[in-house]
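Consider the two complexes below, in which chain A is the common component and chain B and chain C are the respective partners.
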Partner chain A sequence: MNQKTFLAFIGPSVVMMVLFIALPLATVLKQSFYVTQPVYQTLEVETCTPTFTGQLCVKEIKTIPTIGDNGKMITQTSFVGFVNYQNVLELPRVIKAFANNSWRQFMVIDFWKALRFTLSFTLVTLPLVLSFGLIIALCINNVAKSIRGPVIFVSLLPMIITPVIGALSIRWLFIGDGILTSFLEWWLVRDISMFAQAWTIELMMMFYRVWHVAPFAAIVFYAGLQTVNQDTVESAIIDGASRWQKFRYVILPHLMPLIVFVTLIHLMDAYRVFEEVIGFSSQAHVISLQWLTYDFLTSDLMGNRSIGRASASSMLTMIGITLLLIPVLRGVWIDYKGKRL
Partner chain B sequence: MTIKKIATTIAISLISSSVWAGCAFENNIELKSLSNSFEAMKSITESMAECGNVTSTLDVDFKDKQPEAFAANPSLYQIGGVSNGTMVPLLNAGTIRPLDDLVAKYGSQLKPSQLIKVNGQVMAIAMMVNNQHLMYREDVLSEFRIAVPTTHAEMVAAAAIIAKYDVVDYPLGGTYKAGWNLGEEFINNYLGNGGAFFGEGNAPSINNATGVATLNTMKSLTEYMDPEYLVSDSTYVQQQFQQGKIAMATLWATRAGAMDNAEESQVVGKVIMASAPMGTALPASTNWWDGLVFATNMTDEQADAAFRVAMEGIDTEMVLANNDDAVWLIDGYVAGSAAAGAIATADNGAAPYPSSSPGMGAMHTALGNGIAAFLTGEKDAATALADIEAAYTISATESGLM
Partner chain C sequence: MKDINLIRQPIGLRLSSYFFLIFWCIVAAFPIFWITVISVKLPIDAFNSNPLNVIFGPATLTQGKGLSFIDITVGLAIILFTAKLTTGWLGRMVNKYSPNGYLGFGWIIGSMAFGISFIVVFFAIMPSMLSVLNDYAGELGNNIIGFSTQHYSTVWFERDFINNFKNSLLVTTGVVTISLTFGTLAGYGLSRSGSNLAFWILIIALIFRALPHSVLVTGYLPFFINSAEILRPIFGDAAPTLYGMPWATVAVLVAINQPFTIWMLRSFFQSIPSELDEAARVDGCSHFQAFRRVIMPIMWPGVITTGLFSFLLAYNDFLVTSMLLEAQNTTMVPAIVSMFNMETTTTDQVVAVAAAVSIIAPLFFLVMFFQRQIVSGLTAGAVKG
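== the complex of A and B ==
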């Protein structure tokens, strides 16, 4: 392919990527260094409001934002350097916690609490997703051809359900005297409150995520299983390889690139865990980095949002994902270079 | 034209005429409203819809949508349902219009107390007042000869007696869901104990003996609640009552009517309303009002129609049909047993929700996020309060208040 055709082919996607990925990212990066505030004025304001018995009028000195001639609030934006990052990371408190040698003090700081959960969530679900995906794929591959279609459809169902809906369904199964909680209570003859402590909520979240994502892994692996070289499998059988050896030395190496692929996708997705926190309303016990960004963006009763801190927290999330992907990508790179040599 | 077509045409014209049967005029202008979702609001929006061409969105997350939606030009909604807390961002941003001329033209039915005035200008029309007060199962309390609790200490003592017997799953309920609800509970109790949230220059001042006492009171109540109290909001507590799972709770007046709704409730006639428990100074509750606002960014024609439709929505006819939905400010309302608790709480001197303090938004958020760590035992009271003050300080500094 000559260079011109090549450029014509990739041109549109490059433009799209710049427009919809690079530019927004650059804006977020910029916003993470700025703070926008309304310009306040102090005025005496008389407000009359209803009470249960009549009306109450109060005169108060109030700090209120100034409205400009165009009817909009006047704001000023100032460069603050790394202040937003400092406010998210709260390093002085981290240092204090370490000085006191206290894991507990460290774990009550929002960002680090969220990071701890996000990382453990990602790293615990990864092997589970991979192994359940493989098991499901092998099962599908071994059922009779006639019922394979329906089996594939049924095993894909969890993935088809909208994430928030899925999380909410699991919540309703377990919250209060939900069906499954009642069943567990009857079975174990004890009172169970799944939403009363962090670890049970975390377990439910991980269970939900594995249930939701394993079908994706399964379908990818199933596609891979279709391309296993049957000659190699047959020669392995002739050589007397057991079922396990066949899997370990023929099928698994063949699936390796797909396993790496699913790992990459899952690391990226799981690090942005969010639906579970909302679905299980777990913010009192468990929060994630993405939820933290969302919380900064939520306006308070007076309409203020922390755009700056939200941007900083997004950038930190991106850095986190990159760091997590480096080992996997490095492995792929070495492998690739090795093959070329 | 076939008979079928004629029949369809007649049917459609009948439907559309019946749509505005309950309304004094036929509205031809497309109108939209955005408000919180609760029983009284449903009654109002249904009554507005009778005028035709009104689409209402009732959404518990309305407060996150309203500021942006009203700032658009033209505004995405013409009518907004607000409370004393949620009106502030709209007022500050200038996205709701003064209503004096409209009130003069179409508002003859309004009582003076319904007019929310800021510097003499009418900015919103209130239709109801609301607060949180004690609801209790009369049958349970009389069975164990427990007097109606008037303080939280008495509530805890009563709960301790009820807990010994197997009459309800949990003696107490509470709207302790982390976030807005939990923040509101603290604000109620802290004001009830006579606390002040701010010092000089919007600086926080909650890390004190009153704050610690308030947190300890809250914790003592949670010991008798469903252990999942940190996910329980108003609807959840209402359902716990309706299903006979709890015996006492402090809950919104707007939920009182639901206790006697035979379609949902198994405890019809058994739940009695009383004043919110007293703190050391005032009842542990805050008074709220709910009202309607109208967007700045719409044509005068739209504003006329929107205001007239709203007046139909909050007229005496609607109140007569839905008397127990709320404590209405509207003519024709008769305070029944469902309102007894709310009125007793107000009579005992409950404070208005302090929405006029500019830092209250950031404070409410910081409280809602920070108190759970104390209740779960991750932090002691003083640390939790210090951390909440620190979180507030970051937000307030960022928004320019400090």
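== the complex of A and C ==
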């Protein structure tokens, strides 16, 4: 295929990606250095209230947003440099918290709280997803062919269910006197409230995520198990390999590219954790980086949205995912170069 | 070849495999099963602390709303029969009757017709026939499990969920159509080119895949709100305010989806040998004709699979639609979240659960219809590299 036809084929998509992804990204970068605020004016307002002895007048100086001719607030946008980033990172408070040697003060600051949860969520669920996926795949591979189909059908359900509703359905099991909470209370003989403290909520969120993603890992691994070279397995057995050795030295290396693939996808997706915060309504206790941006973007009672701060936190979120993915991508890259040579 | 793995498995290992899978299936299906059960009970039963009361719903029964033994048997039989039909018969019918090269449309029309006839049979014909049957059946016709559809009618007819449903339909149709149109072209181009440019486009697409969606929304939101003023120089007074327009969110969702679509379609195209387009070229086709007349007809399974995943992304999205649409006019998922947040009474809670079940019911049938395609889609990116 020559260059020209190639460009004709990929042209529409590339134009679309530039227009709808790259361009918005550039605007986010730009917005993160600007602040849009309503223009305020100070007015001296005299309010008079009639009393029995005459009028009682109070003069007040008020700051109110200027209203333009079209009835909307007049806003102005100004370049502020890194102020938005400072507002998100809140470094003075961080320094103060460190000076006091207080982890708790540090965790009160929204951005760091969100970062802490997002990272621990991603890194804790990753090994769980991989190992559960692998176990499910091995088990499916072990059982009779006739029941594999139904098992895969049931396994797919948690994966394709709407994430918000998946989270809600887990929440309904635990909320108030939900059946699982009642069961736990009966079992442990004590009162349990799953939504009163951060760590139980985090536990449920992680459970939800593993429940949601493990089927994906399982199906990818199961497909990989179908292509294991049986000759290699046989010769390993003839050479006297134990079951564990067979798994460790034949099957696992065969699955390695798939494990890397699932890791890559899971890092990307788990870092975006957001639906859990909505589904479990956990914003009072646990927030994630995407939720932080979402919160900045949501309009407050006055109808203002802090676009500048949202952009700054978006940029920081992006830097975070880049740092997280670099080790994995580097491995893929070296592998790719090795194959090419 | 004999599966040496299987023969040599000691019985203990196989048994524990079965036990683990049973455990896993219960874990996987239970939350979904449970919200379905809750949604057809009156609030007293739905939030009862005794699980048996939730399942059998004594309070719902005393209101005269329930299912008899016959209802349950017939209902289950119809569901099982449907599942059987979808896995074999439907595919054969579609293959037989769709005109050459339009297998994809055949699938879409076939599954829609099938779905609609299932809904008609299951929700209209079956209940009326069963009520007659129950009157004659005596003991077997008595209600044994509480069952009430009142929350569903509240959701769909009183809370105006139909409007949200229409928006969801609009958004998902738009996203699937546009991403597939652009995606197949790009996927084909990328699969047939070994140039460095192709490699870099794929890498950039992979990086875009990693973008948190909120980043894109941050880029779009100010533009959407002020679009009437920004676009005025181009469109004059007809410039629309994109904020709150369901079709405008299609652009955002397509953008989010496109990198993934391209990757997946590329790997499907790669599994089609390039000798095929060379043969077409020898016969005098241009590249585009070869793509249109030779490759696309055999690409339909891949296109359907990719379309499914685009559909899921658009259908399941909360972040984009809740941010870019107004609260009164959203798609279904944001609507249920706001329903859930403003609920006050337990009745409202069960209504929210019923709305949630309404949203996931189509997904359930989707898995039933397209299990094989979904599995092949999941493994396409991974196994074929």
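Things to note:
Heads up, the rule we're going with is that the second predicted complex is superposed on the first by the 287 of 341 C-alpha atoms of A that agree within 3 Å, B and C clash if a C-alpha of one lies under 4 Å from a C-alpha of the other, contacts with A are read in each partner's own complex, and residues count from 1 in each chain.
The rule is short, and it goes like this: contacts are C-beta pairs under 8 Å (C-beta built on N, C-alpha and C of every residue); 3 or more make two chains touch, one makes a residue touch a chain.
Keep in mind the model is a prediction, meaning the values are calculated, not measured.
By the touch criterion stated above, A:152 is placed in contact with chain C alone, chain B being left untouched. Of the two partner chains placed by superposition, A:319 touches none, neither chain B nor chain C. In the superposed model, A:52 makes contact with chain B only, not with chain C. Of the two partners chain B and chain C, more residues of chain A are touched by C.
Of the two partner chains placed around the shared chain by superposition, chain B and chain C are both touched by A:281. When the two complexes are overlaid on their common chain A, residue A:182 makes contact with chain C while staying clear of chain B. Put simply, chain A uses residues 176, 281, 298 to touch chain B in one complex and chain C in the other. Across the complex, chain A meets chain C through its residues 1, 3, 5-6, 8-10, 12-14, 16-17, 20-21, 23-25, 27-28, 31, 36, 135-136, 138-143, 147, 149, 151-158, 160-166, 168-170, 172-173, 176-179, 182, 211, 215-216, 219-220, 223-224, 227, 230, 233-234, 237, 257-258, 261-262, 268, 271-272, 274-275, 278, 281, 289-290, 293-294, 297-298, 305, 307, 310-311, 314-315, 317-318, 321-322, 325.
Residues of chain B that touch chain A in their complex: 63-64, 67, 71, 84-86, 88-90, 92-94, 112-120, 126, 129, 177-179, 182, 202, 226-228, 230-231, 236, 287, 289, 296, 327, 329, 342-343, 346-347, 352, 355-356, 358, 360-362, 364-365, 369, 372-373, 375-376, 378-379, 383, 387, 394-395, 398-401. By the touch criterion given at the top, residues 1, 3-6, 8-9, 13-14, 17-18, 20-21, 24-25, 27-32, 34-35, 38, 47, 49, 51, 54, 182-183, 185-186, 188-190, 192-193, 195, 197-198, 201, 204-205, 208-223, 251-252, 254-255, 258-259, 262, 287-288, 291, 312, 315-316, 318-319, 323, 333, 336-337, 340-341, 353, 356, 359-360, 363-364, 366-368, 371, 374-375, 378-379, 381-383, 385 of chain C touch chain A in their complex.
Put simply, chain A touches chain B in their complex at residues 35, 37-40, 45-58, 60, 62-65, 67, 71-73, 87, 104, 107-108, 110, 175-176, 193-198, 280-285, 295, 298-304, 306, 308-309.
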